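You will see chain A twice below: alongside chain B first, and alongside chain C after that.
Presenting the complex of A and B:
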């Protein structure tokens, strides 16, 4: 326990000092930390799920408070909470089903198998079914779920049978934790693999001889473009440099290293160049529940330019970037103002900052925001690891990933 | 992930380098000055809140961020308070940074502190290698790892490189020659290639002439030299262990810069060298006085110190929320709908702001209660302050627990120490400092220290206060409590320089006026002279009735220097004449002044040449005069000039070179003989002097015979012009 506490503290420190940057890295670290929190947490016999939820919540609050701008932390914490709830739900339904099964098996096995098939299904499907009782089903679950439930496998009934018979309290306890950790591992895997998942779809979006514009630096975008290149698509990339941090320069370097035709332009030249561009592809910092996007500063301008010239504006976002909050929620901190030294040389301007002379109030103000907000109506398409989505569909996707109880932490 | 990678890389790198040396820092939690009095009588400077966070937290957070693993906090004044604070803060159990305290009540300077650490070192050997030396009032976000690496590599190559000093470009104000931080302008000479520091001039800059004096040897030994006048010393040093032993060896070193750096540079101790490192993108500043407190606070609000800004939780502080226009507000601030909180303002948690109050450019701490129709501008209000209705506060610092009653006004530059009460409707005059403690009666020099008042003394004073209060009426109105401190003499003019208030417009106008006057007087001066210092100089040198006297003094010295050099190096007379004439033009002097100065230098040389008797001195003088006759002759063509020379001679005999007194007549005669002086001049001088006091006529009497003879000669000359020729011959 104490060493978990210290790792939590260490991570909180890193977040506070902004030592970790980039939502993927942060998400990975967060989920790994939460896994160790869960695995080291001693669960009581009764109410294990809520105990786990409390423990994760407590750590999550610390993490979110440490860097409220990095929304990925909150997203991952909510995902993990959601996983715990789902697993708990599936276990209880399984246990209930098992009891039913026991009762039923006394009467007649065939009847039972026909009547209640779902305890035999995988936990996820059970959870999905249970979820569907709580709220109206999404289009996806309707489309994907119906055929599955129609073809309920009868064969596994014997397995369910034996499981339910041996199930006692302690094993359920262990099972919950075990299942949760299993699912969290899956989540880790998902986050780690989100680049490849997204990149796989590149070929469907980038066509021969197209011109792609991007802004700032995003690993997702890099992988996406490279994946298209590997599939022998030849196209050109315009990179807006992304002042004042000039992340675009880094991206251009990497693109050239991988053999892509690259042109670097200033941010202010975006509007002039947009008429030659076939598609704008950017990586998001976070995607809000309304389909709005938080991205590197300058993105809104690029989106408006794209809209003006009817150029598709495509946003790439891994699942950990989906934020269940709306941009107007008071607890959402959309932006962070960084040091003016990224814009100005302190030495050159030090005489403008001499507060000893004049009225004493600073005449020179420097605002250096990190992010921009792009409203959903400017976004043409989201490409996530589960496929392409319309901005108006984001809320459904989010409903699949998060439970409503965790939205406010 | 990125960070983990970084961490991993660091661990794998270090052992390769040098068996993993721990990065250590010494933090001096005492400034060893009295600039923050009276506030520092009750609380150490490093615990004073800077934008609602104690200063030491900025320093520690930065050191931790920069990868320092162990910090030794040297506590002196109020050490108990500092240790107590550190123990209860999160620094005591920080995973990456271990904070240890060293306590010494006896140290009264940075030098003492380092000597104490050196002594301790013998027993415990805590400091293992190079260390970072900072004071607890440093705010920075610069990365240190590379700098330490650079220092270590340099040290490997050159054992004498014992220190790396961090400097940062920051232009001093053209008007006051004062940096943004209220410190004096700094002149540095640096070797452009190696970045070695060659000269460090902080306090003795000759503003009147806008020049710095460099050692001649420096120019000879260095092929090139970079001279900076727009640098700011960040007071962040990377030191090798030799620094500690140097302090031990030179027990008179007190001040880090004034004594240590000067010592190493000027005295050339064992050939040790100091190097500089210039930072450009990161921020570093030290809070030295109230002016820098104001400046650094505003820099923090403007986010130059990112990530050490109020909306980021960097040291256990409660993060505030940043709104538009640089307004930082805690979530539980109770603000009236009609209150107006303006730009660049910080409001701490639990603070209440009443109807119609206006707050601008200010920092308000937590738990404050601000009434209605209060105006607060450019001020620093600390925690739990009560400000009643209708008060006006401009450019003031108000410490914890102060109570400002209805309608009171604080004028710019006021500092109210802890728990002071300002009475109803009382107007606290500008630049005054008030405290519950009485000002210590004995005023010591600048070197006198906060630590002299240990906390126990302060407690005693406080205990006695209640009784005293009844006996003596408060300085702050009938229902107030506290004493207004007298401004110590001499600092009166300086008060506005170091206060939180911006320099008032009339002062600026005054300075500009003085500057223009200077320009009129010395139209050639390439560096604008500092008016403010000039006015100081005038007020000090009241005995000099003519402001031009000062210039003449300098001129005279220059001439003397030129002449001596000419004698030493055997420069041809023509060249010397040219040089002195050049000086005359550049100082805008009369030819007569020139003659006086030249003659003065000659006589001085004569007196300074070793001699045994008056005769020998006379011989020396005569030989010098005859040798440099043409030089003097160039300037003494007119009678006026000749008179000036005689007057100068007389003055010298009276004041500086009394030995010459007896030789006055003789030398005068010689000068007449070699045609330097005309009889007209001598006679006119004699006439002028005839009416003077007895004391002034000493020399006239001495050469009475000579004058008599001259008079006769001239009479004869009047009689017969032909005779005159014979006479002269």
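Presenting the complex of A and C:
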């Protein structure tokens, strides 16, 4: 445990100092950290799942607090929690579906302990209810209006002799942990491979001679464009430089290195050029549940201009960027102000700065936000690793990935 | 005379009326009006002869009346019935005469100098042809002085022309001869000969005659110059020129030459008012031509942006040392103009007003030092000189729309110089005109704008502005002076970072400022309650042409329902229309974009420059659609963008008469 604690602290520090940039990198580090947390966590015999969840939550809270604007951290933590719950549930259902009454009883016990602390009787109901969320209710049950409490007598009978057996608990614990880690590995894999998944769809969206505008630097966008290029599509790319961080220059450099026709424009020329652009493609920083996008600063301007000129505004987002929160939630921090020194050379302006000293309030303020929020009505399409989606569909897509219990951590 | 004239007149006039749309036809009409004017005045000829002509002509003459006379009556009656027309004639007849006689010279001057615009000059050449010929007529009729005489002359002329459906040029000559004969006495043989030889000369002559018979020496010089010019232009479209006379002859009998001239002039002026088509830099042949004339050696940039091939894309900076070294050796360009050109090139002067004032002052200086070379006409030579300067300035940096307007004003002034002025007087008048333009159209206009705009800043307001606009700066400082409590948000953008200049000035005066960059506009717009923007130009479709990024600011402001107030002097209004930012723009130095102020990346730009796949596009302007603009504050008051074409029209009129 102590070594996990130290790595957590280290990572928290990194996050706090914004040493890790890019939601993908952050997401990956987070998952890996959580995996080690899970694997090193000694689960009690009684309720492994809830113990795991508590542990992950504790770590997750630290991480989120360290960099609240990096929504990917929270997303990944929620994903991991969801995975634990699901694995637990699937074990439960497997056990219940299976013939082994003992195992089933153990699971029931777990569920009941973890969940609400009801007596064993109702634990079965909980499990049934949980199962019903996985499986749509059959037409018949809907018709008859009977809940799946049909299982209640069956489980109640198993609950009756649940206390007697504890022999197999250790194996079950191991199984849960093993499954969770397995799934987390899958998640890591998914996050690592989201670029390729998204890039595969490029060919469907980019045609010959297209003029594409992009903004900021996103590896997803880079891969996306290059994938189309590799398929022998020839098109040109306008890159807004993305002052004051000039990430557009980095992206342009990469694009040129891969042989794409690239033109760097100033951010102020976005409106001027948008009339000759066929598509705006940007990489999101995060996608909110309402279909709104948090992207690099300036993206709202581009989205408005694209809307004005009826240019499709396409957002690329890996699954780790899908955030189950709504932008109006109070706990969501949408933006972050960076150092003013990126905008103004204080050396040059030092003589102006002390003017306000007498009155107590500084005369000069410099605002340097990092992100921009694009409302869903300006977005034409989301391309995620599961395919293209409308902004209005995002809430449903997101509901697949997270469980409702974890939304507020 | 009258009975004879009436039957003749009616059919002819009608014909003229139909022809008006075509360029040549208006001429025939001209004479009618102006002549009838004088006739009325002098001899009070029968209303019969007059009224029909007025009647028939009126549809044709609507445009001229609008343009030339500043009395409102003419505008009040859009389709002048005979009554108003006559009235107008009475009122303005002496002016119209003047205009008629002046303007041909103007137009001649305006068009003849080697302009960078091939097509236009050709057209104007053809125009000249007509003009010349009718002016020839004029001169032939006028020399003998009095209007009564002209009347007398006219009759035979008409007669002659009526009878003789002679081949064009010959016929014309004949008429001239006839008229000369009928006038007899005064017209000298030499003059007649000249007429026959080159009809061009006459324009200048006629002009003089009409005004006064002074300044012989200057006349001679002008003649020489003028004839040469005319010949050149005449050659351009010989076919048309020869055809022209015939039409004219037919129309001529009824109409008097002065009014004829007037319509032509109006046509011409109209044509000149139509903004010149800009040089398209993807037109190889014309670029080549332009290069030959160029003073500034420019190397085309290697990595052109395909979308902007129609705009000049030259490498910057390398020619500067070269140019600055030969500032005193160059004799074709006045050193003051040269200096301004270099300042434009180097970007030392920026901002439309500053550039415009610098240019005008340089012209002022150049005019002060100007001496008319022997055997040359002041107006022509000076216009040619100015044209040379202008093309030099264009080489240094494409002119802004407002500068184009100012140059047009200056040329107009030169054109309108009364011929009787001595060289020094003319120079003084021009200099004072320029001074007045600066004073009235820029300095005073700014004051008026400030006065208007400051009413829009109330206590507690958060005023957002973009880049650096000197008018906006004045407004903010003035509002601060009169004690308004407000906050300023300055939005800036790369690569010029003009906003920092504004920030420095405002902060040093104690204004509460917030500074940010254009990307953060959506973030900061929540705070703003007003957006004040400067302008480089406003087009007649309401499009605002301004520093690149203005459109973004206006768009975001619109999205956040923040009113956008544009501050722009009326001299920057332009009658062109513009829909996007691509067709008309200016490209800045691409290196300014390639070089980013960050620390580690300085090296890489070197290696990237060689890659033909990578381009840097430094747009200087963009156009903001009018729907984003809530209000335009100008020296005429606060107007919606839809009023721009109205102002442009009124303003141009004033401009011409100024």
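By our rule, the second predicted complex is superposed on the first by the 335 of 409 C-alpha atoms of A that agree within 3 Å, B and C clash if a C-alpha of one lies under 4 Å from a C-alpha of the other, contacts with A are read in each partner's own complex, and residues count from 1 in each chain.
Definition applied: a contact is a pair of C-beta atoms (placed from the backbone, for glycine too) under 8 Å apart; a residue touches a chain by one contact, two chains touch by 3 or more.
Here the structure is a predicted model, which means the values were calculated and not measured.
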item	value
Combined model on chain A where chain B meets chain C, clash or fit	fit
Touched partner set for A:363, first chain B, second chain C, both or neither	second
Contacts of A:29 with chain B and chain C, given as first, second, both or neither	first
Contacts of A:272 with chain B and chain C, given as first, second, both or neither	second
First (chain B), second (chain C), both or neither touched by A:243	second
Partner chain in contact with A:341 - chain B first, chain C second, else both or neither	first
Partner chain in contact with A:3 - chain B first, chain C second, else both or neither	neither
Which superposed partner A:18 touches (first chain B, second chain C, both, neither)	first
Smallest distance from any CA atom of chain C to any CA atom of chain B, in Å, after fitting	9
Touching both chain B and chain C, residues of chain A	348, 351, 355-356, 361, 365-366, 368
Residue numbers on chain A that touch chain C, as the complex places them	238, 241-244, 246, 249, 252-253, 256, 259-273, 275-276, 297-298, 300-301, 304-305, 308, 335, 343-344, 348-349, 351-352, 355-356, 361, 363-369, 372-373
Chain A to chain B touching residues, read off their complex	6, 9-10, 13-14, 16-22, 24-25, 28-29, 65-66, 333, 337-342, 345-348, 350-351, 353-362, 365-366, 368
Chain B - residues contacting chain A, complex	1-4, 61, 64-65, 95-96, 141, 168-171, 173-176, 178, 180, 182, 230, 280-283, 291, 294-295, 298-299, 302-307, 312-314, 319, 321-322, 326, 344, 360-361, 378, 395, 501-503, 508
Residues of chain C defined as touching chain A within the complex	305, 307, 492-495, 500, 503-504, 507-508, 510-524, 547-549, 551-552, 555-556, 559, 580-582, 585, 593-594, 596, 598, 601, 604, 608, 611, 613-619, 621-623
